[in-house]
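As written, the chain order gives the labels A, B, C and D, with residue 1 at the start of each chain.
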Amino acid sequence: MNTYKKNKIRGKEVTDLGLGNNIFDDNQRVINRDGSFNIKRKGIPFRESFSVYQWLISMSWVKFCCLILITYLVVNIFFATLYYIGGDANFEGIETNNNFDRFLNEFFFSTQTFTTVGYGRINPVGVYSNIISSIESLTGLLSLALATGLLYGRFVKPVAKIIYSDTAVIAPYKDISGLQFRIANKRRDHQMVDVEVDVLLSKIENDKAMFYNLKLEYRKVSFFTTAWTVNHPIDEDSPLSGMTEKDLKDIDAEFFILLKGFDDTFAQVVHSRSSYKYNEIVWGAKFVSLYGKDDDGKTIIELDKISEYYKVALPQLELKTG
Amino acid sequence: MNTYKKNKIRGKEVTDLGLGNNIFDDNQRVINRDGSFNIKRKGIPFRESFSVYQWLISMSWVKFCCLILITYLVVNIFFATLYYIGGDANFEGIETNNNFDRFLNEFFFSTQTFTTVGYGRINPVGVYSNIISSIESLTGLLSLALATGLLYGRFVKPVAKIIYSDTAVIAPYKDISGLQFRIANKRRDHQMVDVEVDVLLSKIENDKAMFYNLKLEYRKVSFFTTAWTVNHPIDEDSPLSGMTEKDLKDIDAEFFILLKGFDDTFAQVVHSRSSYKYNEIVWGAKFVSLYGKDDDGKTIIELDKISEYYKVALPQLELKTG
Amino acid sequence: MNTYKKNKIRGKEVTDLGLGNNIFDDNQRVINRDGSFNIKRKGIPFRESFSVYQWLISMSWVKFCCLILITYLVVNIFFATLYYIGGDANFEGIETNNNFDRFLNEFFFSTQTFTTVGYGRINPVGVYSNIISSIESLTGLLSLALATGLLYGRFVKPVAKIIYSDTAVIAPYKDISGLQFRIANKRRDHQMVDVEVDVLLSKIENDKAMFYNLKLEYRKVSFFTTAWTVNHPIDEDSPLSGMTEKDLKDIDAEFFILLKGFDDTFAQVVHSRSSYKYNEIVWGAKFVSLYGKDDDGKTIIELDKISEYYKVALPQLELKTG
Amino acid sequence: MNTYKKNKIRGKEVTDLGLGNNIFDDNQRVINRDGSFNIKRKGIPFRESFSVYQWLISMSWVKFCCLILITYLVVNIFFATLYYIGGDANFEGIETNNNFDRFLNEFFFSTQTFTTVGYGRINPVGVYSNIISSIESLTGLLSLALATGLLYGRFVKPVAKIIYSDTAVIAPYKDISGLQFRIANKRRDHQMVDVEVDVLLSKIENDKAMFYNLKLEYRKVSFFTTAWTVNHPIDEDSPLSGMTEKDLKDIDAEFFILLKGFDDTFAQVVHSRSSYKYNEIVWGAKFVSLYGKDDDGKTIIELDKISEYYKVALPQLELKTG
C-alpha cells in the first residue's frame, strides 16, 4: 500500500476550478501578488472580449485625464472643420479674412458650444451652422452624462484594499504546525465586517494540476478592524500533512487566497485575491505581535510590522525543512 | 414492479418552478441559447407589464441614439411652435418677415435654450417667451439628468458574458458516464470569482412537465479565470440513469443552466442563463483540451476550441445511442 | 393530556420578530396587500425618523414634478429679490423705469443664471450682482447634480412587481390538504431568478401574538418566468393541522409572505411582501390552470386568471369549513 | 478539576477576529456606541490609508458646502490669475484701466465660464484667453460630473439607523436568565426585512483578549417593523453561565453587536454595529412593553420607551449581583 501517496493527497480535492488542470510552467505563478491572473487567453476576437468600461475604469488618473483632453481636442477639431466647410457667411462675430484665423475662431466657437458655455459673440446665423451647433451642444450634454457615470464609477469603485504579509509561515500551532499568513485592512476609515477567507492549494500531481481547499481555524470573522492571522492547522487531514519544504517545491505548490467582506463605506461586498508560491513560505517562524502602546498608554496597532516574523522550532518531526 | 419507471425518475424532483407544468410543444425550447425565455404571456395590461427602464436599457445603441435625436427634434419643434404662437415681438435678434424663417430662428433658439448653450443673439424679451424659455431650460436640465442615469445604466449594466459550448456531451467519467458542457468567461478583463452553476432537467412525464435538479461534480468554483467543464455524473441517483438518446427525445428533454458569480469590475453578482435541448447533446464524446503553448513556451488557453470534441466509446452498456 | 392544544400549536415557533407580541385589534391587518405595514409608531422625533430621500423617491411623478416647479419658482423669486435689492445700476440690458418690470427682468435673468443658459442680453455689471449670480449659477449646477441622483434613484428603483392571487386556497394535496396561493411576475421583461418565499402565520394565543414559520413544498425556484403556486402542505407538523375555518378566525390568523429574488434588469436582489387575512382564505378550492394555446398553437400563459379557482372537496375529515 | 474555570469558559470560542488578542486598557471600549471602532492604527502612510471618497462622503453637510464654496473660490482665483497674466487685449467687454477692476472682471468671467453660464458680455477674443477658457469650461463640466456622483453618494448612502436600548439587561427567561437588549428601526419609512443579529462577548482571560459567539434565541427575523428584544439565554453552554456582575467587570467584558438586514428603500443590505460594556448591563431587570393604544383604540408602538426597564428578581442562584 502506497502510504506515502495517501499522506500526500488529502483534504477535499477540487479538480477543475476554472483554472484548467494542465501543467503550468515551473515558477510561473497563476495569481500575481496584486490579485491579477497570469494566464494568457486566445481565440476570442478582441472586439468581443475587450470591455471599454473596464478599460476606462481601471486606467490611471493621468491617462484618463489625457484621454479626456485628447477626445475634447479631436471632437472640437471635427466640429470646427464642419463649420469651416460651411463657409464664412454662417457666423456672426467672425471678422477675419485669414482662413486659419477663421478656423481658429470656429474651433473656439465649437468649444463654447460643446461645453454649452455659449458666450455668443461668435454665433451661428446660417441654417447649416445652426444645425451643426445644435447637434454639437446635444453631443456635449450627452458626453457630460457619460463622463458623470465614468467619474462616479472610477471614484467609488468598491475594492478591498488588503495588505498581505510578504510571506506565509509554517508556525507551531498547538501540538502540530499551521500554515499562517497575516492580513490587514489598508484603509483607515473603511470598516470591514463579515469577512471570509478561502485558501486553496494548487499542486502538480502525475503531471496534472490539482486543487485542494485548506481547512482554516476560522474561515470568517464578524469584525475585521485591524489584523487577522489566518491559520491552516496541518493536521492528519491536511494535504500538507507530512510534507517538507522540498516536497512543496517538487509539487510546484501555490496557495491561492480569496477574501470577501462587507465594506461599510461602499455599503457593498468587496473582494481581494492574492497567492503565496512555495518559495514565499518560511518554515519554522512566528509573526511578531502588532500591538504596542503609544505615549499615552493607549493600545496601538503597528501595521508596518505585518510581515515581520522570528524563527522558531517546529514541534513535529514530520515537518522538516528540506 | 415497474423498475423501468423507477430507473427513469430519480434525483430531487421539482414540480413547479415558475415554468408551469403543462406540456410544451415539441421542439419548442423554454430557454433560448441567449438566456431569454420562450414563453408567451397574456392578461396583464401592456401599461403595467411594460418597463420603460428595461426598454431603454436594453435597446441597441443605434436605436438609442436615434431615439434621442428624434426626441430632441420633437421637443424643439414643440417649443419652437410655442414661441411662434407668441408672435414676433417676443424676441430680440430675429430680423425677418418670412414666417418660415422666423420659425426656423425660434427652433434654433429653442435648441440653444434646451441645451443651455444660450448664445444670446436671439433672446427672449417678452414675458411670454421668457416664461416658456425658462421652462424649456429647466426641462433641458432635467432631461440631461435623466440621460445621465440612463447612459450610466446602459454603460455599466452588470451582465456576465459567458460562452457556452455549442453542445453538451455524454462523456466517460470514472466508471460511469457524465453529462458535460463547457463554459468560459468571454470578458478578458472582468475577473469572476465565487461562481456557482445549477443545472435542471425538464422532461415530459405522463403529459406533465417535470423538473429535476442535476447533481454536479462541482457546483462552485472560487476562481473562474479561464474555462470550466461542468460535469453531472450519471450515477444510479441521476434522473438520466439508464436513458438512451432516444429516451431523451421521447421525454422532450431540455437542460436549463443558471450561472451566477461575482464580477470584479462591476463589483457585483452577475447572472447568466442558457439551455441544451436533447438534440444538442452529443453521445460518446469528450471535449478537446483548451491548453497549448505559445511561441515563448508560455501556457495559453485557446477559447475558440471551446465547442470542439472528439468521439469516444462510453463505458457503460446502459447508455447506448438510440 | 391536552391533545387539542398539541394539535393546534405546532411547527417552529417564532415569538418575537420585530412585530411585537401584543394583541392586535380584531380585523386589523399587520401587512397591507401592497406590502406596507399597518403599525403606528410614536416617540421618535419626526426630524430623526423622517427620510427625505425616501420621501422624494416614493412620491408620485406628478407630485415630484410639481415639487420641482415650485422649488424652481421659489429659488428664482429668492434670487430675483436679491438682485432687486442691489438696485438698477447692477445690470446691463434692463431698460425700464417700472419697478415691477425690473423685478420681472431680474427674475428671468435669475432663471437664465440658475439653468446656466445665460443668454447675456441682461447681464451683471456690478460687483454685487456678479457675486450673487456666480453663487446662483453654482447653486444651479449643484441642484442639477442632486436632481440627477434623484431621477436616477426614482427611475431605477429596484422593486419586484409581483401579482398575488386575491385569495389563498385550502386545496387537496396528495392525501392531505395544502394552503396555496399563486404569484406571478408582473413585469414582462424583467426576468427573475433564484426566487425564495417565506410564509409566516401570525395567531393570537393566550392573548399574545405568536408567529410560526410555515414549511413549504418548495421554498425556492431557480427560474421564475411565469407563475408559481406556493404550497404549504398541512401535515401533522403544520400549525394549521386539524384547524377549521372558524378556528382561523378565532385566532385572528394572518399569513405574511416575504419574497426575494434576483432581477435580471436591475441586476439586483429585489423583495416583495404581502399577506392573507383569515377571511381571504377559500376552503376547498383549486386554482384553475393558467396555460392555454394561442391561435398558432403556441403555449401561452394567461395571467388575468391568476386568482381564479374552482371548488373541490377536501380529502381530510379534520379540515371542515366551520 | 477546575470546575470554576470550566464554568467560566464556554460557548464557541473565537480567538482572533481581526481585533487582536492583546489586552485592551481597562474601560477602553473597542466599539463605540455609534458603531465606530476605538483602535489606533500606525505604520501605513497616510496617503495610502486615507480615502478621499470616505472623507467627502462622511463629512457634515455644512463642512461639505463650505468645502465646495472654497474650492469654487480657489479655482476661479486660479483661472482669473491666468486670464490676468494674458493681458488686457485678450477680452472684449472689459473697459477699465484699473488693474484690480480688470482682475475682478476676469474673476467673474471665470465664474461664468466654469459654471458654463457664459453671458457673453465679457468674452475671450485672443487665442490665449480662448484656450484657457475652453479648458476652464471643460473643467467646470467635469467638476459637475464629480459633484453629481458625490452628492448622490452622500444622499443615498445606505446606512441602517438602528436605535439600541441604552443598557442591556439580565432578565428572567424561562427557568434561567437571559442577556437582553432592545433594538428598533429609527427610520419611519425604510422597512427592513431579513434582519440578522450577531452578539460577541470579548473578555480578558490569562491576560489575553478572547472572543465568544453568544447563542441567541432568534438570530434572524423576517420582518423588522418595530422593535425586537434580542435574547441570549444564559444556559449551561453560555460563556456567561455562573457569572456575577463582579465577574463581568473582572474580565473587562464587552458585548459586540453586529446587525444586518435588507432595507426596502435603498434596496440594499445595510449594517449597524454597537456594543455594551459590562457597566452598561443592568442585572435583574425587564424592559417595559412598547405597545399601547392611541385615542382611536389602535395599537401604537412607543419607541421613546425603548430603554425603559423595571427591576425584577432573577430566578437563579448562580446569577447574583456582585
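Everything below uses one rule, namely that contacts are C-beta pairs under 8 Å (C-beta built on N, C-alpha and C of every residue); 3 or more make two chains touch, one makes a residue touch a chain.
Since this is a predicted model, take the numbers as computed values, not measurements.
K.L.:
Note the shortest touch-path length, in steps, from chain B to chain D.
P.N.:
1
K.L.:
Of the pairs A-C, B-C or B-D, which one shares over half of its contact pairs with A-D?
P.N.:
B-C
K.L.:
In angstrom, rounded to a whole number, how far apart do the mean CA points of chain A and chain B lie?
P.N.:
26
K.L.:
Which residues of chain B are in contact with two or more other chains?
P.N.:
112, 116-120, 144, 148, 150, 152, 268
K.L.:
Connecting every touching chain pair, does the picture come out as line, ring, star, complete or other?
P.N.:
Topology of the interface graph: complete, with all chain pairs in contact.
K.L.:
Touching chain A in the complex: which residues of chain C?
P.N.:
116, 118-120, 148
K.L.:
Which residues of chain C touch chain D in their complex?
P.N.:
So the residues of chain C touching chain D come out as 14-20, 22-25, 28, 30-31, 36-37, 39-44, 48-51, 53-55, 57-58, 92, 112-113, 116-120, 123-125, 127, 130, 133-134, 137-138, 140-142, 144-146, 148-150, 152-153, 157-159, 198, 200, 256, 258, 260, 266, 268-271, 273.
K.L.:
Where on chain D is chain C touching in the complex?
P.N.:
68-69, 72, 76, 104, 108, 111-112, 115-121, 140, 144, 147-148, 150-152, 155-156, 161, 163, 185-191, 193-195, 217-218, 221-229, 231, 262, 264-265, 267-268, 289-291, 294, 297-306
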